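Heads up, the thing below is written out as structure tokens.
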Amino acid sequence: MTAMNMAGFPILTTILMTTIVGLLVIIFIPPEKTKLIKQVSLASASLGLVLCLWLYHAYDFHKGGLQFVERFLWVRSLGIYWFNGIDGINLPMMLLTSIVLFTGVWTMWELEHRVKEFYALMFLLVAGVYGVFMSMDLFWIFVWYDVSLFPMYPLIAIWGGTRKEYGAMKLTLYLLAGSAFILPAILFLWAKAGGHTFDLFMLQKIGFTPFDQKVAFLMLYLGFGILAAVWPFHTWSPVGHVAAPTAVSMIHAGVLMKLGAYGVLRIGMTLCPQGAVYWSHLMALLGTIGIIYGALAGLAQTDLKYVIGYSSVSHMGIVGLGLATLSVNGINGAVFQMFAHGIMTALFFSSVGFIYDRTHTKIIPELGGLSKTMPVASSFFIFAALAGIGVPLMASFWAELLVLTAAVKVFPVAGVLACFGMILSALFMLRVVQRTFYGEKNPKWEHIPDISKFLAVPRVILMSCILFFGLFPKVILDVIQSAVIPFVTRF
Amino acid sequence: MGALFRDPVLFATVLGTNLPFFSMAVILLFTRSKPTVSSRISVGSIAVSAICAISLLARLFSAPPLQYQTLWFCSGKLNIVFGYYLDPLSLLMLTIVGIIACLVQIYSLGYMAGDPGYSRYYAFQSLFAWAMMNMVIAGSMLQLFIFWEMVGLASYFLIGFYYEKWSASQAGKKAFVMNRVGDVGFFLGLILLLIGFGNLDIPTLNHAAVSHGISQGLITTSALLIFCGVIGKSAQFPLLTWLPDAMEGPTPVSALLHSATMVAAGVYMFSRIFPFFSASPQAMAVALAIGAVTMILSSTMAMVTYDLKQVWAYSTVSQLGYMVMALAAGGYFAAVFHLTTHAGFKALLFLCSGIFIHEFHTNDMRIIGKQGGRKLKIPMTCITIGALALSGVFPFSGFFSKEAILTVLYAQPNKIWYAAGLFGAVLTAYYSFRLIFHLLFPKDGIEEKHHHGEHEAGSHEHEEGHQGFVFWAMAIPVMILAGVSVVLGFFEHGLEHFIMRSLPIPEELARHAVPGVHAAAHALSEGAQRVHEPNGSLLTILGVSAGLLGIAVAWFEYGRQGASRKGFLSYFPAIWKLFDLRWFLDIFYRKGLDTLVYAGLTSLFVRNDRRIIDGGIDGICIFTEGSGRLFSFLQSGMLQFNLVLMVLVAGAAVLYFVI
Amino acid sequence: MTDFMLFLPELFFILGALLFFVFSLRKTPNPAGYHRWAAVVAAAGLLVTVASSHQQGMLFFNCYRVDLFSQIFKVLLGLGTIWVIFSSGELKGIDPRQHAEYYFLIFVCTLAMMMLVSSVELLTIYVSMELSSYSLYLLVPMRRGDDRFSESGIKYFMIGVTASGLMLFGISLLFGVGHTTFVPQLVKTLPSLISQPAAIVGLVLVLAGFFFKLALFPFHVWAPDVYQGAANQVTTYIATVSKMAAAAMIIRFAGLSGGASPGMIKLLIVLSIASMTFGNLVALIQKDIKRLLAYSSIAHAGYLLIGILTLNTQGFASAIYYAAAYLVMNYSVFMVIMKVADDGHNLQIKELAGLYKRSPLLAMTFMLGLFGLAGIPPTAGFTGKFLVFAAAVDKGYLFLAIIGMVNATISLYYYLIVFKAAYLLKPVKEYPAIHVDMWTRFMSISLVIMTIYLGLFPQQVVSLTEAAARTLF
Amino acid sequence: MNSLSTYLLISALLFSMGLLGILQRRNLIGMLISVELLLNAANLNFMAFNRFLAHDPVTGQVITLFVMGLAAAEAAIGLSIILALYRKMHSINIEAAQKMKG
């Protein structure tokens, strides 16, 4: 499992550094040079993207296991290690993060208000995300987790939209309340293991008693579940997304929500397999409720971002259900769904963001007939909606197929119900598409020009990602299951 | 990769099926603004595909089924393969799709001329062609499902093509969602098979089913679930109401998707895994019943509408019902044959109606008749030919296929199905000729005066229309199709021997003859039987006379001089209303959706989110702050109160220890 | 001679105090000059302290113990002192005529606290504690003008003397039970006597005295009024420096109950929970930022106590670390406050509006300080909390960690409100840009670096604190 | 009549009297005096313990002397603060000083 090839260039730290260095550079640029700031941030984002792509290419999934390991002692007395590594589960997440960051930075190109702080905070946020994904040490996972959470507050409260301060405060407190369960759980495991290491793999070798596993897993599930918008802890998702500015929603819904599921998978299920088995029914239940509930609640929304927020709830429900099955297919599907949903929802928010920038409204009844005035821009949204419906040959279809296959096998009732979620999602996605883009062209938006080629690029990138992984799921599934197959043996 | 170029068959398959995709991509990405270029690209690519299809048919006419496979991906024990399965059935269907799609696209050159969304139209046409062809030659059920969904997607876009019309987008949504309802069943069935059997490869599945490789229970459940997919896609009862609405799309679209090919996909899929189905008598029985109900219901609906396209839509549904019945009764060949002929003449009917609609800018048969529909010679003759074929009059193709089906139904132990089939035949003939007579002999003749100006304009249009590219672009495909529907019937036997090879051969079945397989066995021998059926001639007479009866009634009411032109149903307004409102199915769905989903669950959940969950969270916050205010009273400015507090706590601690 | 070396820092501060005593006798005050002198003296004092930080030994007939523990705290005290003096540049809160006394008292207080942290004999402890308290009693009422705050002095005094009275009584009881006033011998004998009511009462009363200094619930009652009422610099001094001494004393004394009595631990647990909860809850509704920080300091006392009540090396080490981190973060917040309210008035939260425009650097320092106090990584505050909770959980107090984290979440709310004021709100009226001189810039940058460094690279400091904590046993 | 407990009893009485005084006296001077009582109670304790069971009879006495000194200083400081307060609010009643709250 832990193939410790210590040798070689610390690629992971370098990827982390791309964001931190970008952050520092931005801090030292005078705020009025917005153009320069944007260029710098795009440069560092693309550097990260390139490195992640290289990582993806260089990862040897035939060998599997942990690769590109960097590991040395950080705090001796507590056994904290600077321990980064890549395996099949976090590799797609890294790639996802870099893609979303890159497109997000590009999407916000027209930002004019307090540009410097915006990009600085965004890079801080993403540094946290990278950190969580690459780190294999509980201490660092938690540190990066919090680092990735608290920039949300200023990002939403300064650059946000409707009820931004309420949304920002709610979201931040909500999510950090989650970490109020995570830290004790981590410390609990650490203490139970004798209190001399936070190294994930060393802890994994220590067998925790079933009771400890149940306790710790429940705490971790609650803590991370809040971020993964597990029902009933999902209400921050719509509110927060409505409030947040475009790129932030992209990163938040696209990547940050995945941190929750990733945490459950990486810490909870790795260290507390028996706990996971014990609570799997709860997970399946909440996941299924999330799928149905999110879709149904989304039906009644009038705010575009609310709709997407609820669709995220529904899609993350699929992830939860997949994890709950504790089977190869289920977890493959869940991880794949994390990736697919990340890309998809990023596309959603970027296209909604464009519409909002132009029309200054997200309220569906006020919109309508946009396809006439901005065909390209609306086609992006429609594409995302189709991906959200789970149309085949788009990435999320495969994820749903795998998850549902596993679910029907393990939890037949939940699986069948989840399948009916497919109808609902179709219903509400198409409803939104119809009300927003179809129908008579709205004289209010006559004058609006369509999206420019330059701004279309990030959306096109996201679209092509969805298609690519829909047509060639092998590319990602081989990587994922190289880690998942050994992973499920412990259940 | 090398194999692709070394093997001409594979090359033709890949090229023919995927060319339209590239044309779509090119159109969407580059030539949105250049309609003519887009149309050329699209038509060219579909023509190439059609040629590929025909050549494949020719090359593999007498070859055994071919199968290409490559691993798509694997997850755990699950191996998902991507593959092609070229057997007579798929080849035939491929050819049908290729030819009709090609004809329709040519027709559209005329019909859609000058439409703002010209490029978009052709993009979606190509998308459809790509998806449909891939679905036809799919090697595994999963792959079939995938492209099945893509076909649905294309139909969604094409129905909602005039998206600024609310009703159009509504219809598109309705079609997609209703199909989804069926597809979920389909999907579940596939998942069950994946779990229970682990392989969705079509030939494997069929063999396993007939050779008892799968447990009976699993077959029945999954077969029933998969049949939901058929119900959705082929607009069977109870999901049949989306198809008439789908007529919101442009007429060529209706001709291609919603009569000839896409809606036939359900029947195609059914026949694709026919042996699998036939291994489960229960499933077959259900299918038979549903087919019958669908056929009768939709025919009745067709009897009361005055909308050209609606009539053909309903008749499509009923003909699909026929096919499903045939399959369920074991008439494998009969169904496929009827599918073929129906594709021909129904496309013909739609395209002809399209010409009328294009000419008179209305769907109402009465108005078209009044304004001199019959003046358009070519479409008028062609539509009559189509109607004759539809009502199964010798020597048109419909006669042969319908007769085949009736024979199969007759072979059923329970004769009620046969009666239903005959009754359906009567109704079919009635409504189609009701339409024809409306066009030919409009009520109190053609309004000369009013029509005159019209006629000037109309004839004027004709004049420049007749030489005009537009007219001929529409006329030529129509004539071709008319020719096809005249001659196709005589190829029955050739087709039969060709098609039957795509089933597991009889002796193999005989070797493991299991209770479930009788239907299949019957189906296989049926072809041979039918010829020397004891009273085959009687059946033929019955079938034909049914058609003629219907025509006669229509003539009596609409055709002859001084006919009432009201239709006997108008004497029973209640029934008229029932038929006109599609047996209240739509209203039922609407109400159900509104009350159960929108008014019920959705609003409940939204309120729950707002009140209970969010309210709870905010409540906690308010409570926290409130308790803050409360505690702040401890910090009253009074020094001694605070001192008392201090001392009390210290004292309490002391007491706690001392005691 | 070595003894001389051991006592060097204290001696130095005595000299400084004397110097300012002399200054205070002069007729014509020269505030700027005083400030320069004070800065020099404090800087030198800090140097001396650091230089003698590895001394070890006993003084004054074993009443006075110089070890790593004491020296670390002395360094912290010296650091806090020089910071406070550094920000006393324009001391608008106090009459110029009293500046000399102000510095004099600051030095005396620091001296007293330095003695406090290394005295191991009850009388010595009492005397040095009284000495520090007296100078604070005098510093608090020095606030000029503004009668609203005049009452805070008397409140502080009254509560203080009551607490010291209780403490003295406790000491007498301990003396009676243990027959000695030397802490090391008490440590030996007391666990066996802990069952006696007199011993318990004595211990509780003594701890009450220290809790008063630490402003732990319910001995916090002075804190809000004093924080609000005293001059900004004095508040800073109380909030930072005197907290260090109190923490040190409590750590030393908690050893007295030697982990023997579970009851004592229960008491401490209850107090720490009450303190965290009370402080955070009441802080939610504050408008005056100094008062808010008073309540947050009460909460932080609770966190600190979590580390202490584990009564093992790891716990004490974490508590020391937490104290150090607290010093840094709290000072960086107060420094910004003193800069923003440079005319010495009491800062309201809404007055921070638009700080990010008026001085981005200060705003950043402020932000990091706040997030540090809220315990968000990668700041020192987070690592402090992490260590403290780790110690607690390791001892089996999982629920304490959970309660602590929940409290941290609550506290985040008001920190975010302050942060919002500094970064989001539009200023109601146009404030002048704050003039940030070179020293301030240097200070804030170094504070920022320190906060993050302590947060991300705790290795050295942690090992140091552990070494220090080991000397206690 | 000459046992430790007697002294302890007296000192306890003194202590509680002082405490009571602090808690119920509204007059600042009065409170100050009560504080002195507290200290004296402690002193008495020290002397008693010293007399009856200390190994080294000096300790208690020394402490007592120290405390006396401290008490004097304390009184001085207290009085000065009270004086300053009196200048501002013309009263030495503690109830005058309860503006700051919450």
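All chains are identified by letter, namely A, B, C and D, in their written order; residue positions are counted from 1 within each chain.
The working rule: a contact is a pair of C-beta atoms (placed from the backbone, for glycine too) under 8 Å apart; a residue touches a chain by one contact, two chains touch by 3 or more.
Remember, it's a predicted structure, so these values are computed and weren't measured experimentally.
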Graph separation of chain A and chain D (steps between touching chains): 2
Longest centre-to-centre distance from chain C, chain (CA-based): B
Selected interface, A-C versus B-C, where C-beta contact pairs are more numerous: A-C
Chain B and chain C: spacing of chain centres that average the CA atoms, whole Å: 79
Chain centre separation in whole Å, for chain C relative to chain A (CA means): 42
Approximate Å spacing (C-alpha centroids) for the pair chain C, chain D: 27
Cα-centroid distance, chain B relative to chain D, in whole angstrom: 98
Per-residue overlap in chain D, given as positions that touch at least 2 other chains: 22, 94, 97-100, 102
Chain C, residues touching no fewer than two other chains: 151, 154-155, 158, 162, 166, 224-225, 285, 413
Junction residues of chain B - those touching two or more other chains: 621, 632, 635, 637, 639, 643
Touching chain combinations (by label order): A-B, A-C, B-C, B-D, C-D
Partner chain D, residues of chain C touching it in the complex: 123, 126-127, 130, 134, 137-138, 141, 147-155, 157-158, 161-162, 164-166, 168-169, 171-173, 175-176, 179-181, 224-225, 228-229, 285-286
Chain C - residues contacting chain A, complex: 314, 317, 356, 371, 376-378, 382, 386-387, 389-390, 393-394, 396, 398, 401-402, 405-406, 408-409, 412-413, 416, 419-420, 423-424, 458-459, 462-463, 466
Residues on chain C engaged by chain B in the complex (per definition of touch): 151, 154-155, 158-159, 162-163, 166, 197, 200-201, 204-205, 208, 218-219, 221, 224-225, 261, 263-264, 267, 278, 281-285, 410, 413
Residues of chain A defined as touching chain B within the complex: 170, 173-174, 232, 234-235, 239, 293, 296-297, 299-301, 327-329, 332-333, 369, 371-372, 375, 386, 391-393, 397-398, 401-402, 404-405, 408-409, 415-416, 419-420, 422-423, 426-427, 430-431, 434, 437-441, 473-474, 477-478, 481, 485
Touching residues on chain A, where the partner in the complex is chain C: 74-78, 117, 139, 142-144, 146-147, 150, 153-154, 157-158, 165, 169, 172-173, 176-177, 179-181, 183-184, 187-188, 190-191, 195
